[in-house]
Structures are given as structure tokens and as C-alpha cells.
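Input: structures, listed below.
Look for chain A in each of the two complexes below; its partner is chain B in the first and chain C in the second.
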Partner chain A sequence: MRVEYINPFVEAAFNILREVLNAEITRGELYLKSASQPVLGVAAIVGLAGDVEGRVLFDMSRPTAIAIASAMNGEELSDLDDLGKATITELANMITAQAVTKLHDLGFKFDLTPPAIFTGDNMEVTDTEVEALIVPVNLEQGKIEINVAVRERA
Partner chain B sequence: MEDMIILRLDNYFIGVIVDSIDKVVGISSSFIQPPHPLFGDINIKFIKGIVENEKKLYIILDVEKILGDADDEEDESRVEVMGIPMATETEDEAESVYDGDGKNGEIGLDFLQDTLKTFSRFIVSSVNRDWIRERYAEWKSQHGGSDEKAQLKSPEDAQEFLKDFYSPCTGRLWNKDYTDAVSSLLPEGRKGNLTAWNPGCGKGYETYSLAAVLRAKNPEAVIKIWANDSDLLSISTAPNLVFNDNEIPDYLDTYMQDTKNGKQLNEGIRKQILFEYHDVLHSNPFPEVDIILARDLISFMLKNDQNRLMNEFSEKLKPGGFLFLGAHERINDPEWEMLEASGLVAYRKKNG
Partner chain C sequence: MKTKMDFPNINERKAEGVRADGNAYRVLVVDDSMFVTKQISQILTSEGFDVVGTAKDGQEGLEKYKELYPNVDLVTMDITMPKMDGVTSLEKIIEFDKDARVIMISALGKQDLVKKSLLLGAKNYIVKPLDRKKVLERVLMSLK
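Right after this comes the complex of A and B.
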């Protein structure tokens, strides 16, 4: 993954999560993953196109997703209902959009696809010929893994 | 009811009935040390490592060697890079690991291989075995001539042992002599695309050096270099690397520009390079390239990974393309033609 792409995603995740959750967050060590990776239970995905091709996945457990959606809405949600899903989707959109804005400022041209959300057990994601950068973010509500898999367009 | 230990060996589960299990001790793998020559008298090949825990010394047995299939073990010991013998290894040498009886002078070298792996993640294989043998002989004579005294006791010892292993100009821009040697082996006057891959590029010193050499020899070519490293800190530094005046060889002056942070290679050179955070053992989308620069990289990978990477190099390099390994890394394979210039060794992939 191109070095210049890393910081914008890390910074955007940090900024947005701290802002919307109004709490301290910490970042784990960044690392790379290849081939198939398990998905924790709830995954919001945003596609990227333009100078690159790829996608960003926001991966978290169901309880974490419910807790984050509850915190963002200021009300206790008992399940990941439509409001909860819309909230997580919006969170993914906000983080990716801010990262892409930063990248635009650096001269890279990216477009986003509308976000989608997947929920379920025993899911995994497979990227052929693209390794994923994992940005683990630790919150009061649990852990989010931001999984960025992009490559330069040939 | 008997006490039992269940071992997993590849796909097999083996139950071992024992008189009793005293206790189970959890140990971090990072604390495991290679076996010491002290254990040479008791069949060393069955000891995987030792570890000190709460003032007790534990000996970790190598279950795979004790219970594994002898044929499998022999086959594994013969796995070498590219699937065929490389450098000057003989079957006898392959079998010598751990088989020394303390009288043939090999056991000290075998122990040293283990400590190098532990302390420096340096893996001895046919790629570097010639250098290791020479270096061990020299090291041993500097340490009283005995295998026991020549053993490495700390990571600092391992670094000292390996200090001459690294290629010239590691961690800095190439000097004129080295540049001239590389330049003499590379294509000249190329038009169209000229591509290179520099895995394990670190902070990018060698990538920038290569980029300048290629530009000087091929002013009309469209040059593209994919440079990557799995050390995030190093690779993050690479795109904006700045240099002090005293670091810049004269021949690079024409490619330098002043910036607010210091001197950098100019935009033309920097645009040739794409620095990526990438683990070389993961799949990649790079197209076939004309040049691979991988100095002192494969010696720090497990043998199977060395094998995989050499296969990857073979697949990604165009016929007639050039492979640069470390100064003390060698391959002996009919697929590759060895080239030499001013002491620098490189390999050209044969056509077809």
C-alpha cells in the first residue's frame, strides 16, 4: 500500500471517532494482512475508485457496533436495528470521506462508492493480489479494525 | 486414569501416557534460547531450546524430531531455495546440521546457526553458507580457537558477527565506486518502459541510488520502481527522505534540489519511485520487471520463505532481467547467469 495513503486513513479514523464518541481512543500497531481474513460480525464497506482501486472495511463485533451506535445517537439501542445500521454506515462514510479529502489535498484523486453494511457470523473477506492495512482502534465500546485494501490502478 | 500429554504433529495427534504431570509452565517463545554446546554430549538434535523461568532451567524437546518420520526429516533438510541445491552445498553438508559429534569442528557452527536465528533472525542456508563458514573460521580464531568460546551470547555478539555481511553502502546513498559497478551491469540507452522492484528497501537510500543510476543510463526511458518494506517506520520516511550535504556523493549533485527541510532528490527522480508498505511474502500486483534489487533480504527469512521469494523473483523478472542480491548471497541455479563487475555479483535470468 502506497505510503502516502496510510496517514490520512489513520488520522481520519482517530479524529472522527474521537469527535463522534467524545471519548479517548487509542490506536494499536498497524499491520498487514493478506488473503482471507475473518470478519468480526459487523462490517461496513466503502469502495474506492479513481487513482486507485480497492475498498475500506470497518470491522467490529455486534456488541461493539450496538454500543457505538448507542453512543452516537445518545440513546441505548438493544439491537442493531435500522437506526443502528444507518449509524455505523454513516460513521464509515465520515471516516473515509475525511481520509479522501486529505488525499485530495495531497494531489490524489479518489472517488467513493456509497457505503454498505454486512452483518452475520462466520464471515470472511478475501482480496486477491491486494494486501490489507489493518488499523486497530480501541474504544470504550470495544475494538474496530479499519481494513484498507487499495492498489494503484494499472 | 492415567496422565496423558497430547501432541499435535502436522495432521496427527499423538497421545503419550506419562507417570504424572508435575505442572504446566507458560513460556513466551521470545524467551527461548538455542541449546548451548553444553548439551552436546546428550543427543543435541532432540533439543529445541532452553529457557530460564523462575530460576529454573527448562529444556524444550523437539517433539517433531523425536516422534516425526525420519524420512520426512531428511526430506525437509534437503529443501533448498528454488527447489534445487544452490551455491556449493553437498548432501553431506545438508546432513551435517546437528549431526556433529564434537570432533569434526561442525558442531560449533551448528550452534552458531541457531543463535544467529534467535538473536538476528538470520537464517543460514545455501544462499549464504559459504560466507558463514569463512566468517565462523575467522571469528573462532579471534575467540581463542574453541567452538565454545566462539558462541554468540547476545544480540550484540550476533550483530558483531554479521557486521561484514551487509552489502556496501547499506543505509546510505551508494558511493561512486559501487554505483559504477552497478551501472556497468545495467541496460543502457533503453527507450520505452524500464521497471524495477526493490523489496526490503528500508528508508529508500538504495532505491534513490538505483533510480539515479537508471536515469543517467537511460535518459529517454519511462522508469518505474516499486520499492517496499514491512517496517512501517522506515518506509514512512522514504518518500520524503532528506540528506545532509556530506551524505551526497558528487555524481548525485545534478539530481538534488533544496527544500525547506534539506536536500532531496529532485521531483523527476522521486516520481519514478512508488514506496509501499508491503510484506514481501504477501501477494502483490506488480507486473513483470526488468530489475530486482533485493540486497541482504532473503538471508533474514525462513528457509521456506526464501524458497517462495526466489520463486517470486523468478516469476516477476522478465527474461534477460537482472537480480541483485546481497554482497555475500549467492545462487547456483541453471536458470540464472552470474555476472561480475568490480567485485559486484549480479544474476541475469536466462531467456526461455
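Right after this comes the complex of A and C.
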């Protein structure tokens, strides 16, 4: 997978997270996975279909998701309730929209699915025929892994 | 000795959401995201606006507008929603009330739909992520 696909997502995540959380964030080392990999507990998934196809996961632990949703709402949420899930969905929406705008400007044309949220323990994601690039983003609230598996349509 | 007169009273600032006659501006918030609805409502009510209704899609937004009319001053309208999108809902609201004041709430990358909305009669637009300053600025601009 070409790195140019993941960069817009990482840049957009930085811009949006900085804006909505009003805090400094840092990125960890990018790594590549070609087989199954564990999902941290709360994952927002957005599908891409067009010139490029695949999916983007915004993956985080449940406490991190609750802490981020709390910060974005300006109140302590005790659990990942409907409001918490709507908040993480909106976060995924905003990051993806910004990333896609950049990719469209680079000439890639594709559509997006609305984000869906998966929650649970011991989940893993398997991408056959397309490898996943993962960039960990470190926040005060914990870590979000931006996990992008896309390829050019044959 | 310092008296009360020495300190400016912060409460003297007029809330932006209140008209000269003392009545609050009445707002209908149309958005399928519970988070965004809450965020907009909080920003507006903190400034004295009265959120008189919320709707989760364009269809419900249109119905609520007709129900509330003429006791509604402004609509905030998401663009991407299930059942009926915000642009269609805007079009139908303007058909019903050509003086309706509607502000579009958009994610980045929807310039074409924003442009279309403005041509259809939307008063303004706000690109997410929303913040207090941006929302109040655009809302007040649309009410003037």
C-alpha cells in the first residue's frame, strides 16, 4: 500500500483532534500488518469505494473512547452510551471528511460509507489481499490507532 | 473602599440570543448526530437562544418547521442525513416559507452541496468541527 493514502488521514486526525480536544498530540511509529490484528475495544470503521477501495479504522480502548467523548462533550461520561458513541462517530466523520478532501484534491475519486462503531473484547480485524498501515496517535486520553487498508482498484 | 461601582458587571452584557424586545430567538436544530445536536444546542442556549425543536433527519425537520411556523426564527441544517438530506429539506422549507432563515452545517469536502444550498436560499453555512465563536458569528450574521 502506498504511504500517500495514509498521510492525509494522519494529518486530518492531527488537525481535528487538536481542534476538538484543544491539546497537544504526538504520533508513534508507523507500522505495517498484513495478517490479522487485534482491535483495541472501540473501533470506528469507514469504508472507501472508488478509484481506491478499502477501509479506515479509528481504533482505541474503551477508557480512551470514553475520555475523548467526555472531553468533546465538556462533561464526564461514565460509560460509552449513545451520546458517547455518537461523539466518536462524529470524530471519525470529521477526520475522514478532511482526509478525503485532500485525497480528492490529489485526484483520487471515491465515495465513503457512514461510520459504524464496533465495541467488544477480543476482536480482531483481518484484511485479505490488502495490507494495513497503522499509525498510533498519542493523546492525553490514551492512544488512537489509525489503521488504513486501501488499495487502488484493479 | 471599593464599592460595587468600581467593578464592571459582567451580567450587564446582553445575551446575543435575545432580541431588543427581550424575547429569545427561536431555533430548530436538524441533525442526525446526537452529539452535534447537543453541541449546537448548548452553544445557543448559553447565549440566550431558545432551542424550540430538534429533528433527526430532513423529513422530520421539514415537519417540525411547519408545526412551529411562524414561531421559529432560524434553522440549523445538517447536510448528510438519512431519509431526506439537508439540501432537499432546505428546498422544501423555502418552498413553504420563502423568508425562512436556514444555516447549513457541513463536513469539509461538501463545497458543491454548500454552494447549491446557498443558491437555494440558505443564509449561511458552518463547517465542522463546530466551535462556539464560529457558530455564534454565523448565526448572528444570519439573523441580521
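Following the convention adopted for this analysis, the second predicted complex is superposed on the first by the 153 of 154 C-alpha atoms of A that agree within 3 Å, B and C clash if a C-alpha of one lies under 4 Å from a C-alpha of the other, contacts with A are read in each partner's own complex, and residues count from 1 in each chain.
Convention: contacts are C-beta pairs under 8 Å (C-beta built on N, C-alpha and C of every residue); 3 or more make two chains touch, one makes a residue touch a chain.
Worth saying up front: this structure is predicted, and the values here are computed from it rather than measured.
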{"item": "Side-by-side fit of chain B and chain C on chain A, or clash", "value": "fit"}
{"item": "Chain B versus chain C as contact partner of A:25, first or second or both or neither", "value": "neither"}
{"item": "Contacts of A:151 with chain B and chain C, given as first, second, both or neither", "value": "first"}
{"item": "Touching partner for A:123 - first (chain B), second (chain C), both, neither", "value": "neither"}
{"item": "Which of chain B and chain C A:40 touches, first, second, both or neither", "value": "neither"}
{"item": "Chain B versus chain C as contact partner of A:133, first or second or both or neither", "value": "first"}
{"item": "Partner chain in contact with A:4 - chain B first, chain C second, else both or neither", "value": "first"}
{"item": "Shortest CA-CA distance between chain B and chain C [superposed frame, angstrom]", "value": "25"}
{"item": "Of all residues in chain B, those that touch chain A in their complex", "value": "230, 232, 235-236, 238-239, 274-279, 281-285, 287"}
{"item": "Complex contact set, residues of chain A against chain B", "value": "1-4, 6-7, 30, 32, 34-35, 128-131, 133, 151-152, 154"}
{"item": "Chain A-touching residues of chain C, taken from the complex the two chains share", "value": "33-36, 38-39, 42, 80, 107-110, 128-129, 131"}
{"item": "Touching residues (chain side chain A, partner chain C) in the complex", "value": "16, 19-20, 72-74, 82-83, 86-87, 89-90, 93-94, 97-98, 100-101, 104, 114"}
